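Consider the two complexes below, in which chain A is the common component and chain B and chain C are the respective partners.
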Partner chain A sequence: MNRVVMHLTVRGLFGRRRAVLLVILPVLLLLLAALTRWASGGDPTASAGLTGGFAMGTVVPLMCLLVGTGVIGPEIDDGSIVYLLAKPLPRRTILLSKLVVALAAALVFAVLPAMASAAIAGDQGMRLTMAFGVTAALAAITYTTIFVALSVVTRNAVIVGLLYALVWETLLGGYVPGVRDVSVRQWALAPAEQLLGTRAAEWGVTSVVSVTVGLALLAATTVAAAVLAVRRLQTLRLTTGD
Partner chain B sequence: MSTLVLERVSRWYGNVVAVNDVTMTIGPGITGLLGPNGAGKSTLISMMGGFLEPSAGSATLDGIPVWRNPSIYRTIGLVPEAEAMYDMVTGWQFVVANARLHRLPDAEGAARMALETVEMMDAKDRDIGTYSKGMKQRVKMATALVHNPAVLLLDEPFNGMDPRQRLHLMDLLRRLAGQGRTVLFSSHILEEVEEIADTIEVLVAGRHAASGDYRGIRRLMTERPHQYTISSSDDRRLAAAIIADGAADSVDLSAGTLAVQAADFGRFVHALPRLARDTGVRLLEVSPADESLESVFAYLVAR
Partner chain C sequence: MPSNELAAGPPVPVTPTTSAAEDVIHDIGFRHYDGARFGRGWIVRSLLVETVRGIFGLGRPAKSKIMPWVLFGILMLPPLIIALWVILTGGKDLPLSYTGYLSSMQFVISLFVAGAAPYCVSRDLRHGVIPLYLSRPMKRSDYALAKFGGLSIGLFLVLAVPETLLLLGAVLAKLSIGHQLAGWAGGIAISAILALALSSVGLVIAAFTPRRGLGVAAIVTTLLVASGMSFVLSGIAEQKGYLKLSDYVAMLDPFRLVDGLAVAWFGVSSSSSTAPPPGALGGTVFALVAAALVGGGVAILVRRYRKVGVV
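Up next is the complex of A and B:
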């Protein structure tokens, strides 16, 4: 890790106009959670529906997309990354420093809102909140790493990531059986199902994969994405049109 | 003292060859990389700076390959052409950050010295986003100089500078070269390169077209065959006189006007008015057929 890279990354992430977007979705989620509590009287099933559906399916992937592409994409786009790359610093260190900033931001803007959503909309002894905390944290780590890698691989990371998040994870991942097996959301829901035990089925928190498979696939995907990102940054082609 | 060596370097993108079999040695002093837009200058500088892998050949700094070797940046300072920097920090913070990335023991002292060198201490506490183009260029210079590199690579550093800033930068580059550094900059303007470069490397359409000091390059450019089209009161008679005098290599009347090709530019322009007066021919129009820098470059390639 390099503190200077992290510091510049934080300034970049919050110094641009898109930082406003980081607040909008979480606020919307919390409003919906309050509305759900008011309508259902704090019923954990309704709460799990909102958090498992909207929070996990839309808010978490989109927030991870925002921070994941935000920590490195703009610098590659405008070429200012050259000031980091032209330093006697392993590119691995540069990428991992940026990834750590992205993960910290995802924790604040995706994981905590998801937990708050469960807590506000209705819970029994914080069990749902904790279960979704674990799920959201696991999903956020994998999503964010995927989106950081995507930003290094392609200049259209935001569009590709948006299609992936909305079409694959939100739309298909929610309904199409085959796709659900290869969905980060489903993998991350497995530990939550385990944690809730007998209440899981009652509250509708279920995953199509077992905990072991889910965790293994999450870890493998995260590591693969991180390795890909480092490799691509090491050979990143930097030319201005000439 | 450090030396950059390109050994038969080529770079292609798919079917497009951007740099074609270039061999050159860049040593201490100022080297100007001259060529028209699209000649492959930036591609070449990217390969020298370790930002692009040569498709063939090798780029080395003091014998060590530069590709995938971040340790070269202890020796190299790079001034990129792109204007983008970290707009949301101040010039001071940015240069200090660059010094820290180099792990300099006294980052703030180094930043102060670099900013003093480019005369940016007065505006150092403003956000980079508020700087003018010339100020940004100077902060870019400061980030490249902060670790006191032996080699300085500058991609089109004079682009968008006003004459005063241009003089200031030329002066600075001369001082840096005077300290024994290797300074390489690219430009598409002959006069710019001629003014400060000790050595000129000409790149045209990806190929190394010429190399030498400015006198040699200037001679190459003026001694090439010059072409003129002339219209006069009696083209046929004037053509006969020009050929008889030996002032030009060939005359051509077939296109309806008189086209002349002269190898010795100086001799022809002095002979033409004399011949016209002696033969009683009135010159109506004399115009050089192709004096653009591109055509000069094209000649160098075809040579």
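Up next is the complex of A and C:
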């Protein structure tokens, strides 16, 4: 880790009005959670529906995408990454510093809102909040690492990431059962199902994979994405274009 | 990019141009040009054509062609499959209405807008070349309107081609021609309105985000969240018994807005679970909101370009 790189990354991520974009989505989620509580009277099933659907399906992937591509994508896009790469620092250090900032930002702007959404919309003894906290944290770590790697690999990282997070996981996952096995969201939901025990089926929190498989796949994907990102940054080619 | 005009050549003595009617500096000391000069209209036309071509990656490097054509391909898949299905099974009608197709491909269309809109305006802002455009006999509003027109036309093409493919499938399957033609015309009209609405939303956001990646993310987020919000709010309002409110909240989402117009004008069944808009009043309100969305977007865009580029 390098403190200067982390400091620069934080400034790049939150500088100017960019922080506003990161705040809008969590605020909207919390508003919807309050409305859901008002409409359903704090029913955990409705709460699990909102958190499992809108929060885990849209807000967490989108926030991880914004943060993950935001820490390194713009610098590669406008070529200013060369000033950083030219410094006598291992590229591994540069990438991991940026990754740590991204993970911290994802924790604040994706995981905490998801937990708050479950707590506000309706819960029983914080069990739903804790379960979704674990799920959102696991999903956020994997998503963010994937999207950081993606933004080193391709300049269309945002669109490719969205195609994966929303078309693959949300749309295709609904129709084609096999797709659901290859989905960060499903892997991350496995521990939540385990934590909720008998209530899981009642509240509609289910996963298609078992806990061991889910955790193993999450860890493997995260490590693979991080390694890929470092390798690609070590051989980065800056292409001019639009 | 106007870089072609600055192409290197042998140094030529600078001679003052006298033919220019407007107060424009044509000869900036590089290479002399005596040919005919087209005026403001031609410049706007060229900008429009270049914008439309650029949206599809024509005249840009191969890398820029991948995304638009992949998304265009994804948009063409359902009509092809539906057409084949109708022809092979000999059904009586298309399983999907022409306007329902637009709603069902909402996400891919959003992605296309998000990719195209920042391409149209963000780079010019980022590289500070707006003053170069403005040194020609072109007004600031011309630039904004040309970009808006270009994106709208590009987007309309992307929507109209799959619609026409659907019609082609229906005709080949020998469904009733008159009925299908009417449906297709409605689909084309709604596509045009949707193209205008999405262009205005996309360009306004892109014009305020000089960084391309950030613009893409901001546009997709806005469209997705608007859609998600409108569905959740509709659901809550319905649950609480405010059925009218539930129908009107659909206006938050551009896709549900045009879907409501399709219901009001062409009598197709709504593609979402709610049934917007209620009655003739609802149709008028939806139409006014759509007009306000497009008009407001263009007004903000023109206002934005009144100041941009002045350092």
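Here is the rule we use: the second predicted complex is superposed on the first by the 233 of 242 C-alpha atoms of A that agree within 3 Å, B and C clash if a C-alpha of one lies under 4 Å from a C-alpha of the other, contacts with A are read in each partner's own complex, and residues count from 1 in each chain.
We take it that contacts are C-beta pairs under 8 Å (C-beta built on N, C-alpha and C of every residue); 3 or more make two chains touch, one makes a residue touch a chain.
Computed from a prediction, not measured in an experiment: that's the story for all the values here.
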(message) Quick check on the chain A-based superposition: chain B and chain C, clash or fit?
(response) fit
(request) Name the contact category of A:7: first (chain B only), second (chain C only), both, or neither. (result) first
(message) Once chain A of both complexes is superposed, is A:98 in touch with chain B (first), chain C (second), both, or neither?
(response) neither
(request) Answer with first, second, both or neither: which of chain B and chain C does A:80 touch in the superposed model? (result) first
(message) With both complexes overlaid on chain A, does A:157 touch chain B (first), chain C (second), both or neither?
(response) second
(request) Would you check which partner chain A:199 touches, where first means chain B only, second means chain C only, and both and neither mean what they say? (result) neither
(message) Per the contact definition in the header, classify A:36: touching chain B only (first), chain C only (second), both, or neither.
(response) second
(message) For A:180, using the defined touch cut-off, is the partner it touches chain B, chain C, both, or neither? Pick first, second, both or neither.
(response) neither
(request) Report, in whole Å, the shortest distance between any C-alpha atom of chain B and any C-alpha atom of chain C after the two complexes are superposed. (result) 5
(message) On chain A, which stretch or stretches are contacted by chain B in one complex as well as by chain C in the other?
(response) 78, 239, 241-242
(request) Show which residues of chain B lie in contact with chain A when the two form their complex. (result) 18, 37-43, 46, 49, 51-53, 68, 70-74, 76, 78, 80-82, 84-89, 94, 97-98, 100-103, 143, 155
(request) Spell out the part of chain A that touches chain C in their complex, as residue ranges. (result) 18, 21, 24-25, 28, 32, 35-36, 38-40, 50, 54, 58, 62, 65-66, 69-70, 73-74, 77-78, 151, 155-159, 162-163, 166-167, 171, 239, 241-242
(request) Would you tell me which residues of chain C are touching chain A in their complex? (result) 60-61, 63-64, 66-67, 107-108, 111, 114-115, 119, 123, 126, 211-214, 216-218, 220-221, 224-225, 228-229, 232-233, 235-236, 239-240
(message) List the residues on chain A that touch chain B in their complex, please.
(response) 2, 4-5, 7-8, 11-12, 15-16, 78-80, 82-91, 234-242
